[in-house]
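By letter and in written order, the chains are A, B, C, D and E; residue numbering begins at 1 in each of them.
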């Protein structure tokens, strides 16, 4: 029994004096914390803005420093993304900074498999040497880089680094879900959704306020920045009612993976009732009406397809909802002044995710919301200084390991899976894998394959502030700063309608012997020497950032964020053009950025249809000519013989494995989701707001409020509906094993009255097994038992396609019902 | 006035113990009054305190009074010393 | 049969002694690493409290000056005082002087110097006593910091005595 | 042997009639030492555990956020309830001049004093900061029902100690006169008792005042304890019936505990001559009445809650009646009502073993009642919070055992130094009460205008 | 006299949990860990309560952020034996940790279960204590603690106002929960001042209070959802 010193003295108080502790100081009367505080200084406060680096959103933060030490975080009210709000994970920033389990120095895996400390110099020299050697031997393609460090600025640097060492292999582990936009709009980015001005957002599977690229932005745009009683309404279609979606005006519970069908049903009603934007459809879309192609064949139009195939009764059957609901939702959307349809979450994680995305995005086209306030547009480009091409001409340009291709004709790949498979089957040798700020072994369905592959790779370098599942397979673990200790440059998260650039500056000296990943890459480039070093001329990461930002000064676009976010002010500027040269020099601009931590440009270029629709037709394509061409190419490649375009297309469709035929394949349509496994329930892993970023598990507070909507913490739960619980004879609080064909995890049953029958939702975020955080060994990770099924069009692995069964392990240990389980 | 078999200090102890009960009772009364004052000073609710002090203080005083009455009564009610020699000493 | 009460009495006496010794141990005088002379600095050299206790008017804590502050004048020895030599050695080594705190409030009390000095206009002496007249380190605080002391002053000055004002 | 006066006590002698009553004092034997050592060990363990609780924090108990009160408060109410055995019953019996009280009152009063001290300590066990317990005195608020308890329990403790002590003076004097050691103790406590008429008169008057004083105090004690709960807004607690309900429950459990103690001590100290079937018979009738009364109160309390159908009340109601506390609730009903009602109603089962079983059952049942009152209301918050639970930890069980052991030790020590049955009252009864009772009974009867036969002697009072 | 109050607009609240986390960070609530957490001993001064109404297809779930509702007639204050909890001059129900004896009577009496108890000495592993807010004390074991409407911010705001030679005014004080709320669902201010934002909102027809039937007169108002 350890007795705290102060307590001991307090308890024994008087007696201690006589018991031989006469030598002790009077100072024990002063509590430790007071001594600490007194040593800090006079208690003077300052507020320093910076950028949150805990997830991909990059919200603006204000750090409260007392005598130079950070003691509090709040959202930066000037920052256009979060406008003063801060999510629970962001609040935990200080716990991440001061976490007891942080890596304190570089570690190398010794002969015995144990990690041993090593100096930065040795570590960098070792990797740098290896890089230099590989490059000079023309083996640069044997290097691969996986990075999830948020922001385009870092990604550009990493890409430059890869280029410099002669590797084409760089990727993020996260799938962006771009393909629906590529197919319909011909763009390789997620367009911006103007949540600020939308008055009704219909979400297909995306927990707008919890998940997605920037949930805090969604909250502040749809609710926070608006007046009382004026918030944007939203409609949620999905299988689970999260806390955020419980505010939805309508909740449409549907069968898993049928979001696309619902969208098409809604489209049907809109079209049938003539409640769509006829002008937009006529002027800016392609394939709505039946049409005759070059070869004189009559092709199916979207209108006919909708009217013939996607009538509400059929949709109701597919989705397991009410036909009347479909009609009601459609009418509500049709009536809204500025409606929007968005997809994400479970809607973009199925095996049919691309088609769901296309179907939902088609709604936006029918509603004609493109290029208007509250609609879909492209965020203005950020005029960063372009990076001059490095001298890489001497290098042979190998094909990337992440290149799509192979047996199926997918547009893209799942980076983690592809890397793992090709390393394991030996078709693409990798000798050096660098993983930056990413934990794919934990977060990817192909994580276990990746860990096998990592065992085969000669050298795996992981840059991370904490030990995690991925660094467990590393040969070298390089500790990085956490965000409060380092410079950061972030750029607009996906789907935001305006452009932002965040500049986070360090608010505290690094606590340990850590470095910024950008600095590490620069040093590695230097250590590799030769042209690699020359291609990375910056002394340090902030140097690089500064150079990139010169472009902003030159362009004069946008503005450093100052003053609180004022709707009318933005409107004023929008009318007059957002262009005033407030900063004439880079130094000046940089200083302002440092002071305010962000730049933004809220004014999209209106009327630039060519930029918005980069399809062959220059319009929004219901009928995707891009896909037609792609499938034709794929079909043509399947055999050496010459064949007609039609034949090639058929072969391509066959290779893709669509479940419909004819022109319907190329139009927005519903592909039934594929599910594998013998269980009676469909497993739908989801990301609660408490699981944002991959550092949440190191914060005791976040772990403790992990399941806060159920007043629960430190537990992974399996959320099922009341009926499902009744059918399975399970009650709230029971411990169950969630069993799929791939394995089994433990979870605590939480009964939610609004969950769709025969589904089980398990949050990701806990279930870490490496001693990097406080929640290690606590809870479980549903991704572990997911049967990876590929979306054949995007190549991305689905996480929602597994069937599982629940096996009771232990009844709720005590007490009566929980509040959601129908307490009296 | 006292029994020969009883040493003088016993009487002292007895008087002390009877005084103790007065100390106890008076301090309880003082305490209750202190709380009354405190509740006034802290803008608390003095009514409860008034009620309790009205009931509690007399009860304590009565208890102590009874005890004292017995003590005094018993001492007064003793027979003459010569008679007390009849008490058996041999035991 | 008299051993009983005698034993009790002896025990009582022993307890008293033990308590007394214990209390005297608790109240040991505070010794400072350097015999700082307040009088010399304040009365003879005419310094103001805030010259060294830099934040007495602006900060939560007045702060006890350490080598950085002392170095302003004492980077080199100005006298041949032994104590100053000690100070100069501290300054030279850059090591902080391990001053012992004389006045402190517990962790659950929110006390701001600024609130009392700059805003409330209270003289330092009110709470700290005649520190400026002490020619050698005082072993015990002149004024014992107690809640009753705070409350009395608040009462006299008509300041609120709401617990929440100071307790955090 | 000279008796000092006619009404007085025989000052002891070789052929002392009530030698049985003094055997445990004059000849304590090894039994006393063994038992008290064992009890001391249990108590010491409890203190060590308590020390650990102080050092580590109340987390060592099974308490938690909604269920912030558990065993300690349950036992507090329970022990204080038991304490009603004594002074109150004894005062009522004395007041009603029930002649059969004579061998019972002393034991009853001892129970009160010992158990009250134990009970009163329980809130201290329950404090998160026992080191600040004195704050109650320096900064107490008489508005808080806890302070009502402090005053009323201390008044009751004072009154019952005095009430135990004053009628004990003649017996102490007897022991003093018999030269029992430690002699100074008896000399000190005898307060110079000689049994003179004046002293007798003083004593009787004092006892007379005390027994009137002690009844309202005793009733106030348990009423006030019920107010701890009833003064809050919590469902299942906020009830006007709680005051009388607790008093009834307290007397109920008190009588049961008294009979348990009587049966055990009768066995140990061979008091069969004094504690006869008739005493148990009368007491068990009283117990039966209290059992019915308790049932009536319980019924009334729960029916009111049920019929009102207020959601938060119903949550607590169902928690007890069909929910997790159903086993405890129904055991309580069985133990407090069914078992005593059946065993005590029939002459065939109203035997000493039968009564012992019934009393034990009531004591356990009343403890369960306290548990049923304290925990379910806390476990079912008004807001949409999960239902709480409470599983007492080993620490709390040890402390419970410590409490019971202290009670036993208190009894053992008392029995070692003082007679458990009031010797002088027995002797007084022998000498005076038959005549007095006869006279009293005659007083009850219609005046004998025509010729009347002497009434048969059945009951006293 | 100022009377601090809060209005929480349930129509705006998206249940994101920010308020809860902000409260933890601002008020130095230590995490108790999985073991203690499963024993219902976690510290949450503010929590997001799930409320279920209706059943079957009509079921509705709403999430209600619930701090201490700061009653004007607080049941906890009535029962406190030692003046450790009392109604402050500005309507904040205070908990004075240094006086509390840990009897938990206030917890038992609070109909809102707003109070939590330090079952053990709170733990701050590693350097976590460095990040604690110096304006809020670290509570020792054995005392009850609760939401204070971030009264330390009131104290500091008043100090700032006085230093600037004025009185405190609407908008000067924002508790951590309101500050972090991305939906701006929480308003805080002076109920006594009829022009303040909170008093304006309390006059909304949507305004209600938790268990107003108990007569505790909470100063936390809720605005019901609009749909």
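Simple rule for what comes next: a contact is a pair of C-beta atoms (placed from the backbone, for glycine too) under 8 Å apart; a residue touches a chain by one contact, two chains touch by 3 or more.
If you're wondering where the values come from, they're calculated on a predicted model, not measured in any experiment.
Novice: Would you mind checking which chain's C-alpha centre is most distant from the centre of chain A?
Specialist: Chain B.
Novice: Go through A-C and D-E and name the pair with more C-beta contacts between its chains.
Specialist: Of the two interfaces, A-C and D-E, more C-beta pairs touch across D-E.
Novice: Using CA atoms only, can you tell me which chain is the most central one in this structure?
Specialist: E
Novice: In angstrom, rounded to a whole number, how far apart do the mean CA points of chain A and chain D lie?
Specialist: Measuring from centre to centre gives 69 Å for this pair.
Novice: Report, in whole Å, the distance between the mean C-alpha point of chain B and the mean C-alpha point of chain D.
Specialist: 25
Novice: Between chain C and chain E, what is the gap in Å from one C-alpha centre to the other?
Specialist: Chain C and chain E have C-alpha centres separated by 36 Å.
Novice: Which whole number of Å gives the spacing of the CA centres of chain C and chain D?
Specialist: About 56 Å separates the centre of chain C from that of chain D.
Novice: Note the residues in chain B that touch 2 or more other chains, in rising order.
Specialist: Residues 7, 13, 38, 44 of chain B each touch two or more of the other chains.
Novice: In chain E, which residues are in touch with two or more of the other chains?
Specialist: Residues 42, 49-52, 83, 86, 121, 134, 138, 141.
Novice: Which residues does chain C have that touch at least 2 chains other than itself?
Specialist: Residues 2, 5, 60, 106-107, 112 of chain C touch two or more partner chains.
Novice: Name, in rising order, each residue of chain C that touches chain E in their complex.
Specialist: For this pair, the touching residues of chain C are 60, 106-110, 112, 114-115, 118-119, 160, 162-165, 167-168.
Novice: Which residues of chain A touch chain E in their complex?
Specialist: 4, 7, 33, 36-37, 40, 43, 66, 69-75, 82-89, 91-92, 94-95, 97-101, 209-210, 215-216, 219-220, 223-225, 228-229, 231, 241-244, 246-247, 249, 511, 689-690, 700-705, 708-711, 713-715, 752-754, 774-775, 778, 819-820, 822
Novice: Would you mind writing out the residues of chain E in touch with chain B in their complex?
Specialist: Within the complex, chain E touches chain B at residues 83, 86.
Novice: Inside the complex, what are the residues of chain B that reach chain E?
Specialist: 38, 42, 44
Novice: Please name which positions on chain D make contact with chain B in the complex.
Specialist: By the definition above, chain D touches chain B via 2, 11-12, 137, 139-143, 147-148, 151-152, 154-155, 158-159, 162, 166, 169, 177-179, 184, 187-188, 191-194, 196-199, 201-203, 205-206, 209-210, 213, 217.
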